[in-house]
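Right after this note come the structures.
What follows is a pair of complexes built around subunit A, which joins subunit B in one and subunit C in the other.
Presenting the complex of A and B:
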């Protein structure tokens, strides 16, 4: 059963109860407990296609609650807690959604060392996945989101989760946090895109989340094989330029991009090595989403049939 | 069937006492077990225990993923720690001072079974008090840095504590705590560190030493039942003790007698009694019954019963969804006890007062 399949009242009752609302998010199950209706409304919009989990092992037990004391009501705040621990300072109550997303990122990056976790967007088409490793501000979220809106399977905009045991990519197609100008860019790019409320004045400026594409969410237990690594960089006005990247250089770029490369030890090295060996590697400079997607479509169709 | 706190405690104890029984767990019980082990930093340790002691137990895929994730981190920390020990040895080679590695570092150097899957935080070493200044200077000259402390904290460490302010190499993450004895100078017990140093054992693979088996157990006992505040993450220390005792008593037949004699030499009878009792009672350590009865550290009836009630409450993690008032109260009482044992009141009260006042002062940057 999906989140959108039950009434908001029932959803709120579940989330408000002691057993919480358990949602399947990629390979993880998250138990969310909260009384905050406004937050839950945004959550249920952005996560509408995710499955409600009933009989699986829950990985993260997250509560979103108001603090005790006067900040419960006056300039109300919200606290993210996992298993009773509160790793962050409280946020203003109306920023509960970005706090939840940020907190869940933190939980995954801290614990899920059964994966090599790349700081990367991931999309897939025809069984071939492209990894977009990049630093914040390079446009990887926008690019991955745009591809997701043009029929590619969207696996993540933030975490390239490479399974330690076999190097396959585990999808985690959560809503995409669009920042500042990107919000308008995506809205113009796809007028039918569902974007949640604006959250002004976060650490990263104004943030709004793009609802996860339905097909991607439905296929989120289906792992993908990496076929290309593209290091994207958005440059205003730039023409779309792909530059082939030497493997040794790509290795260094990819390994230093991972959140937990050192923690993963030998496994981390082997996974990066395999990816680099089996994938074509490029640097990409772009500004025009439509143009870059057209070229990626052509490249992915050719990929594997002959070497580019 | 849903579990409340008592059930959660039993689930956790049972997993360490009788891992074979885990075969029968249902998924929601695994989930609770993993949450409880996580609050005592024992996820990887439990995974390894099952892997070694009963590989026939079939783990659900997601349980395995939790074990894997935790074990990866443990391996990484272990590697960092071994490297840090290597660097310390190199940096101090010229000094010709005995370096005794304590706790987790020692378990690794000795390849003890409990070192597999044990999450390590920092390195603790023991050196002769006469040499500590030379050791510190030597490390500071070679890239280690002292934690930035204000004057009062410096004074606190240097005058009252059993260690100097922690050091950390500027390019690395592992903290090095250098001790000159194993209890604060202000505490009621004053073990003579020279006895520990004299009995320390040399190693083949590194120039440093480790404590003798008896001293290793006694140090861990004192740490848990004398010096610690006894919170949920201290349950791990009891598991350590259980593993140490179980291992050493198999290694030598007269281990228990030696341990008892050594505890008397160092006046550690009381902490040893608690170790033996709770390790036996909660984790099923094969402690000889007559030893428990004749143990000189056995408290009188009333304090004994009180501790038998308080310790399991405070030490074992609660059900994460159902925190209990009596647990908080037990932890509070034991917190007071640990501070009382740590410092006489005429030092403790001004210290707590200063600490509280510092917290209230605005931070000046």
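Presenting the complex of A and C:
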């Protein structure tokens, strides 16, 4: 059963109860407990296609609650806690959604060491996945989101989750936190895209979350095989330019991009090595989403066809 | 007495060579290193067995066919110091 399949009142009762609302998000089960209805409304919009889980094994127990004391009511705040710990300072209550998303990022990056976790967008087409590893502000989220809106399978805008056992990519198609100019860019790019409320004055400027494509959410359990690594960089006015990368250089870029490369030890080395050996590696500079998508469509069709 | 260098017995060094450059992972330190062609060849010689400075230099003369042997010796001395500091090789004193 999906989140959108039950009434908001029932959803609120579940989330407000002691057992919480359990949701399957990628390979994880998240138990959310909150009584904040405004936050829950945004959550239920952005996560409407995600499955409510009946699994007893929960990966992350998350509470979103107001602090005790006067901040409960005056300039109200909200606290993110995981397993009873509060790793962050409280946020303004009306920023609960970005706090939840950043908090869940933190949980995954800190704890999911059965995966090599790349800081990357990931999309897939024709059974071939492209990994977009990049620093914040490089445009990887916008590019991944745009590809998802043009029929590519959207696996993530934030995490390239490489399974330690076999190197396959685990999707986690959560909502995309668009920032500042990217919000209008995606609205113009796809007027039918579902974008949640604007959250101004966050630590990353104005943020709004793009709902992930339904089909991508439904295929959350379908792993993908890496075929290309592309390090993207948005530059205003730039022509779309792909530049092939030497394998050793791509290795260094990819391993330093991972959140937990050192933690993974030899497995981390082997997974990065295998990805580099099996993928074409490029640097990409772009500004025009339609043009870069056209070129990626051609590249992914061509990729591997020489082997047939 | 002569100093002999070798890879530590309990070390597992995994090497991926891409032509002009190689990437290695050392299980002892948990660190990853980028090696140029010279460093890669030296490490491969140590992978094959223990070496004194003299035997190592002799083998490298043959591999690289260098003319300026003094320059090569200087480079190898620095390289072995770096390798030792990184825990990739260790030295022991041996009787001739």
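One rule holds in what follows: the second predicted complex is superposed on the first by the 305 of 308 C-alpha atoms of A that agree within 3 Å, B and C clash if a C-alpha of one lies under 4 Å from a C-alpha of the other, contacts with A are read in each partner's own complex, and residues count from 1 in each chain.
Throughout what follows, a contact is a pair of C-beta atoms (placed from the backbone, for glycine too) under 8 Å apart; a residue touches a chain by one contact, two chains touch by 3 or more.
What you see is a predicted model; the values in this text were computed from it and never measured.
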Report for A:113: first if it touches subunit B alone, second if subunit C alone, otherwise both or neither. first
Could you tell me if A:32 is touching subunit B, subunit C, both of them or neither one (first, second, both, neither)? neither
Tell me which of subunit B and subunit C touches more residues of subunit A. B
If we overlay the two complexes on their shared chain A, which of subunit B and subunit C does A:61 touch? Say first, second, both or neither. first
Once the structures are superposed on A, label A:273 by its partner contacts, choosing first (subunit B), second (subunit C), both or neither. second
I'd like to know which partner A:265 touches here: subunit B for first, subunit C for second, both or neither. both
For A:176 in the superposed arrangement: first (subunit B), second (subunit C), both or neither? neither
The shared contact residues of subunit A with subunit B and subunit C are 262, 265
Which residues, counting only subunit B, touch subunit A once they are in their complex? 27-28, 30-31, 34-35, 38-39, 60, 62-63, 65-66, 68-70, 72-73, 75-76, 79, 320-321, 323
The subunit A residues in contact with subunit B across the complex are 18, 27, 55-59, 61, 83-84, 111-114, 164, 260, 262-265, 267
The subunit A residues in contact with subunit C across the complex are 246-248, 251-252, 255, 261-262, 265-266, 269-270, 273, 277
Which residues of subunit C touch subunit A in their complex? 12, 14, 16, 18, 20-23, 25, 27, 30, 32, 34
